[in-house]
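Two complexes follow with chain A in common, the first pairing it with chain B and the second with chain C.
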Partner chain A sequence: MNRRQFLHSAAMTAATLAATRLAGSKEPERSSSPSLRVVDGVTWDKAPCRFCGTGCHVQVGTKAGRVVAIAGDEKAEVNKGLLCVKGYHVGLALYGEDRLTQPLLRKNGKLEPISWEEAVEIVAKRALKNPQGFAVYGSGQWTIPEGYAATKLVKAGLGTNQIDPNARLCMASAVTGFLSVYGVDEPAGCYDDLDVCDVLLLWGNNPAEMHPVLFSRVLDRKVRGERVTLIDMGTRETRSSALCDHSFRMKPQGDLAIALGVMNLLVQRGTYDQDFVEKHCAFRALGVTPTLQGEAIGIEDWKRQLSEYTPERAAALSGLTVAELTLLADLFGRRDLKITSLWCMGMNQHTRGTAINALVHGLHLLSGHFGTPGNAPTSLTGQPSACGTERDDGTVVNGLPGGLLVENDDHRAKAEAIWNLPPGRISKTIGHHTVEMWKRFSTASDKGGDIDTIWVQVTNPGQSMPNLNELVAPSRKLSDKFLIVSDVYPTATTRIADLVLPSAMWVEKNGMVGNSERRTQQWFKMVDPPGQARDDCWQIIAVAHKLLELGHPGMKDRDGKFLFHTEKDGKEVPVWEWPHFYDTNVDQRLFDEYRKFSTFKHKDLAPYAEYVKARGLRWPVVEQPDGTWRETRFRFAEHDDPYVKKGAVYQFYHSTSHDDRAQIWFHPYTAPPEVPDQAYPFWLCTGRVIEHWHTGTLTMRIPQLHRSMPQAYVELNRKDARRMGVSNGEVVRLESRRGVLELPAWIDGRGSPPPGTLFIPFFDETLLANLLTLEAYDPFSKQPDYKKCAVRVKKMPLRPRAR
Partner chain B sequence: MMPPSDTRLLLLVAVAVLGAGAIVTLTMTQQEVVRPTVPAPLAASAGADGADPALGYGELRNTRRGPNGWMYGAVSGDLVAALPPAIDLSNETDADRERVIAERAELRAYDGAPPLVPHAVTQQNMDCAACHLGGAAIGDKIAPRMSHAVYASCTQCHVPKDDPRPAQLPVTQPGNSFVGLAAPMRGERAWVGAPPTIPHTTTMRSECNSCHGPAGKVGLRTPHAVRTSCTQCHTPSALLDQRPPWIRDEGNPK
Partner chain C sequence: MPISGLVIRLKSTRSELPSRLAEDARLTLGDLQARCFLPAVLETSTLQEAEHVVEELLAREGILGVDVVTVDFSDSVYPAIEAP
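Then we have the complex of A and B:
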């Protein structure tokens, strides 16, 4: 583009901008996106990355209706222009050659193309036939409007609570941890803590591969000469271990003993923050009948229960040495150090996940490492919108948007008021959580299997559910069970589905997501989806309208209006008809309605238009006298949270003890349900690698990522391999009480497990780690533990492997 | 042209090391033995928590820990001196440039993507800086200098081109129809002889010598490597680099 062309295009965009403003259009459109620029024929615009919960912002370059390039967004606070290898290649995720482009119905065992009209009718009729048995299995990769629409369909429309997300498998224990400590979900701190902390603790996570941009945010401080101490605590050596100053090996489930042991040391030495505890904390323990909120206990009682966890006992249970535990207690005992703890699946996918989450929060509260920048117990989220869509939007069996609960009469009344529903429409009976839901789906209807239809959206339970042989496979042999899957590629789940709905992904539709630091982010549709693929949000609204046409009474509100009634310039827009779906910004309509729920628990969201202008805003976003919207970085702290009353310094305004205090819990160490024994002598842990996102349906179709990591493997300790006579790369047979898997061994590869431990990444559809895993779950969060079960290993006779 | 296989690279390194050893042995008989200096082991830090101070990235090359920690530091230290000096470029043609751009595209999904690593890497020790911090020449291969500022976690963005696992089994590669943005051939000039503008973003490409310096690929090299302040004459694009002022950004406080 020469100078004249550039000036011309600049003038044109200026004119368009001015024209948009003059027209007084209230509806933000793509042309109003502040980062929109056209350079040499390539249009660049902002979007959050499609992948992990870090929530980096990318700049997407499109040309002639296709994505052609990606760049890190320089103006994004989260990543400041830097991405990771998945983010740099996220544009390729749209272009795998086997993209689903038409609805498919299984007839005589084969998936045959059908029309969208027919598909929508099939879904609606299943729901109409048996609303109580119709379940929606959603996702932390749903956009916020999609999740909100699904929740509304199920809870306001069908009148059940049978909707649960895949975030049940990743973040549920973090949620129950937050609820039991602060009375409300989501971290108090934000990523700014990473920029000033003196000590960074990793509790069983591997951020060098899983939250790479956040980890390098800290590492690069060291490169610039700052003094930061990184401590990795995990059951195996990972890429993160190599980059940390200290790396402690712990036993599976040992994290409980680490937290208990360090807290006990602080108490014994008197080096905990007595002032902070006295002013801002209360104590809690499980009662005789354990409940999530437990019962109040006194500090002396708490100390007494804790005293059992002497350094020696904590070392024996955790696998750390007394010296290592003492090092941690030395650090936590200092007031002058800023300490941030990070954790993810190691602590959440845990049969005592609620307990360990509560204990780590408790450790930070006890030692006063809370609330000031750099002092934070920071639970990291894995999916791009488990926070924004699931946790804040309430797409769970016991929830409503905004953190409200179906069992609370007042909360239901509030929701019915916002949704304009007749009183009593929302059910107070909790639905079946994910593991239960799939169990019942895989059980015959006459034997208590009361779920007969599951509509899966944006997730792949056929690969990611634990104990697949029991929870998913049996359902396919029951003829009255119907599996509907909305997805973008053929997956392990679509291959066994009855109805497959092709969906639009990422920048093929408008969207909003919420990342780990409470930052809600927005993007505009930039390219068209292929073939007949359509937005998940449209699919939900279309099904709702079909139910309305078929006479389901729940699809109308109190005044007889369709639940998803949308008006523009005084006239209704038929958004359930695909050609009209983009006549108006449906995302904005749904989001601005959802906003009304957000203030109840002080998770205030700004209007949609504000998110168009920003690279995300961290809630609570509160309007200022001058009309601007101010985000909150540090909740519950007077220095930043506008909801904290003056003079309080810290106020936990959703305190479960109703005295503005956070709860420091005692939870005892409890052993895992399945431990290695004579028959199954190895620990099996499962997890991820940097190249692949979850079940690999997107990243395995990106050549650069697939080529770099094309296949799963089992990490085997060198000594165990020598003892068994297994060579590097040799195929071995793993057996658990639930299934069998044969896959190649990798010794001293990406990670190094200690003797007696194995690790398998679960991204490979041809080598399903979840045939082996155990579905035992945390009693409060119902989240299964993918990190611990028992297997045995057998050397296979050498033979050529057919593929 | 695809880069040579890893075994050839290993052979070249082995030959280079043996050759260097031979030279040292020969000189030993004539003069004082010159050995690389080994710094004292890190003293315990003065910090109360006893943690070792973080090493600067440049120091990593000289203070590598573990067995054979010295081997690569010494090798690349000697060989860095072997980088070619500025040379006459009048023989470089458009065809050279097109070939280089095509070679670069083989390792990059689109112009601006982080390149794949064309050689095997260990999975845990990130010793990339040994060769790529300053750039190095090993035989006829050149390890390009990092084109961007130093980041601590190289494998966050750069993954190996090939499967790192041992005993690789063939795995079908799914097709992908993505067509990435092509690299620009050359920057525009105001008139014949004027300094060309930088036709690509300078994000992650702020170290011009990495590609355009004397150790760069034939076809991309600058004819005046002796000049070191590139942006004195060659201007980047504010639009490409996402720098203001540009019209769109006025409403965005962030």
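Then we have the complex of A and C:
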């Protein structure tokens, strides 16, 4: 058999296996064997996909030091051998023409090459000069060990809490929703719910483009003849809408009124699950001084407040009809149906994000659609490790690893014990959250701008922050502000940086991530990074060691050892020196330490070796009497969660009311902070497209994806377009109170907004959607709303520059 | 010469489509699973041609979706990596 015949045969085998699994919907057998294999000179190994939070596993084929092939991993429970358009091109993300390959320092306005030694010293000296003003801005694309190292550098080393991730912009409201309802973060259910639910509700969610493999999982059930009802609720028609049985158009912010109206109908009709509520739920409202925990109220008080949301009022506020609200209440009122809700940015990028998250959880709790397979309120994440790194590692201004909080004396003491720090090393003062961090960076130091240095890793705030003209641009005119960016390609942020550090990415380094269903995943380095590009984790450790050399007292533990002290065979490994970084497995060393935090909030992680064998494991992962490690699919439910007391059926063991109950909240409807008016008469919503991932820094360099979607556009309703005399492809000028953007119109394109509404994708760095957006944020999660602001539109005579 | 493994989802379980698809020399069809999941191998001269074939398949009456499960691009020409 020649090479070509072999490749042909291998492709047919993989396709047949995938088709067989789709046909039978069998769970693939969990792999317990080493994943590495060599076939026809190509070495294959497993890795989670680099892109979204779904957590698909791919098989990566390498030869002669390069990635040469990608296949869906048939042993992966998440994707069962399938991938989306981004996933099967993921290998090409490594090979864009313009990879960053050496450190660059801005001199006289121009970025010029410098050595790594100089670069590390510059970063360390900025931190040494003013630790309180030195912030780290990280990412849900950090691996777990990278995020953990960054947290330790800032909180254990510098003794501040000036670290926050870009996940603040994408799922912070999901976190505060979980915390306010269950007292602990992350979903109770998992993707298995998609295989058995009778009804799937999409709350402002477009999984056909954003989580296509998960959406296919449900559509395949329909293909096989199973009965599952898909309901889409959104402010515009999307690809998902077209594939759903029902598609409801809601007004911006209308989700609050939908949840309130449906809950009220369940109460008025007496069709809520009284037994579940009596045994497992308590009631909450914000109270006089609003806090995330709120105040306890009785069920009658809760019902009284809810009663204002009659079907007619809920319909008027939400944009749904009374009949559509009644249909939802009919479904939630039935105990014989299994209902899963999915949401992502539509509910999270919301100035009432905490409220709508809590209300949707409340709707499921009230109706008893919780805890059994197929009954789940589940938030999806957009980044590969928004959960595993940001939420569990504590890379946030108020957090510590394992869900611990810096304001809590006991939590700080626990962290200081694990890190072997002198008592009092960790600060109890919460740092500046993302929007505030950048606002202060863009404010003169003598006018309250107390952040003078930001070190950005694995993210692109020069494109992704809202209201760029206010939050990012001013800092570039302030001489004492210094921006450091670690990345793999030139981006909107590296172009304005003072120091650029070239990073390794994906299979150019070891890694671990955690997906949307609590699944922790691991991979090994497979190819070398180009030029002088180096691991982000190494960069953090190298800076920490340079600070140690410069005399910063925080870089030692209480025994005088370096914070990232690493041993092999009883001898210290100088992992801060690049030639020695891979002398030992630094990821394993950091993960073993981090794992000690995981039990405090029942997020137990297995030993590193278990993740090497598996295609991910969902926490809590608990050791069994026979020495094996068992993952958990359904939290808080006795049938699956090992931490639920026998006989309890359900137990919310981190309950904020300390009685093992979940909280059903009342949050009132309020209007968005900015609504269209005479001067700015259109709603603007921003978001993503299937071809491009977030700010497009990787996918715009994959020729196949770039060709498919080369530039941004604005979706315009046909009636609005006709009224303004705009045809497809003609340039329009969008203007908000914050900025201006000119881009081509797309009428009846992929998405279809209702009259008075526009949509722009944000992947295109030459057409920055966030020049227009509003930085207003949720009071609890501090997450900004990218989905609603007011703009005006004007037809322009010229086309934009072609890319 | 990129080789891709595909799963073609057919809308109808009684479709005549597989026999029509078999006429395309670039496609090798496997055994239909559950009468609606059709494994296939696609061989084209370029990745761009492979994309076009997938787009054509998606546009055909009777096809609900196409999943690409493997892509071998080892024969493709990579752009050279250059320092900025």
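Convention: the second predicted complex is superposed on the first by the 764 of 803 C-alpha atoms of A that agree within 3 Å, B and C clash if a C-alpha of one lies under 4 Å from a C-alpha of the other, contacts with A are read in each partner's own complex, and residues count from 1 in each chain.
Here is the rule we go by: a residue touches a chain if its C-beta (ideal position, glycine included) is under 8 Å from a C-beta of that chain, and two chains touch if they have at least 3 such contacts.
Here the structure is a predicted model, which means the values were calculated and not measured.
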Task: Contacts of A:Val39 with chain B and chain C, given as first, second, both or neither - done: first
TODO: For A:Gly531, select first, second, both or neither according to whether it touches chain B, chain C, the two together, or no partner.
DONE: second
Open item on the list: Between chain B and chain C, which one contacts more residues of chain A in the superposed model?
Closed with: B
Open item on the list: I'd like to know which partner A:Pro490 touches here: chain B for first, chain C for second, both or neither.
Closed with: second
Open item on the list: With both complexes superposed on chain A, which partner does A:Arg718 reach: first (chain B), second (chain C), both or neither?
Closed with: neither
Open item on the list: Under the stated touch criterion, which partner chain does A:Lys568 make contact with: chain B (first), chain C (second), both, or neither?
Closed with: neither
- [ ] Return first, second, both or neither, reflecting whether A:Lys794 touches chain B, chain C, both chains, or no partner chain.
- [x] neither
Open item on the list: Between chain B and chain C, whom does A:Gln102 touch in the aligned arrangement: first, second, both, or neither?
Closed with: second
TODO: Enumerate the residues of chain A that count as touching chain B in its complex and touching chain C in the other.
DONE: 10, 13-14, 42, 61, 63, 66, 68-72, 81-83, 85, 88-89, 91-92, 95-98, 216, 219-220, 223, 703-704, 707-708
Task: Sites on chain A touched by chain B in the complex - done: 2, 10, 13-14, 17, 32-37, 39-40, 42, 59, 61, 63, 66-77, 81-85, 88-89, 91-92, 94-98, 208, 212-213, 215-216, 219-220, 222-223, 225-229, 237, 239, 241-243, 245-246, 327, 330-331, 337, 613-615, 628, 690-691, 700-711, 713, 727-730, 744, 746, 749-750, 752, 801, 803
TODO: Write out the stretch or stretches of chain A touching chain C in their complex.
DONE: 4, 7-8, 10-16, 18-20, 22-24, 42, 61, 63, 66, 68-72, 81-83, 85, 88-89, 91-92, 95-102, 104, 111, 216, 219-220, 223-224, 490, 530-531, 703-704, 707-708
- [ ] Provide the residue numbers of chain C that touch chain A in the complex, in ascending order.
- [x] 1, 3-7, 9, 28, 30-31, 33-34, 36-41, 43, 47-48, 51, 64-65, 67-74, 78-84
Task: Footprint of chain A on chain B - complex, ascending - done: 47, 49-54, 56-57, 109-114, 116, 123-126, 150-153, 155-181, 184, 188, 201, 203, 237, 239-243, 246-254
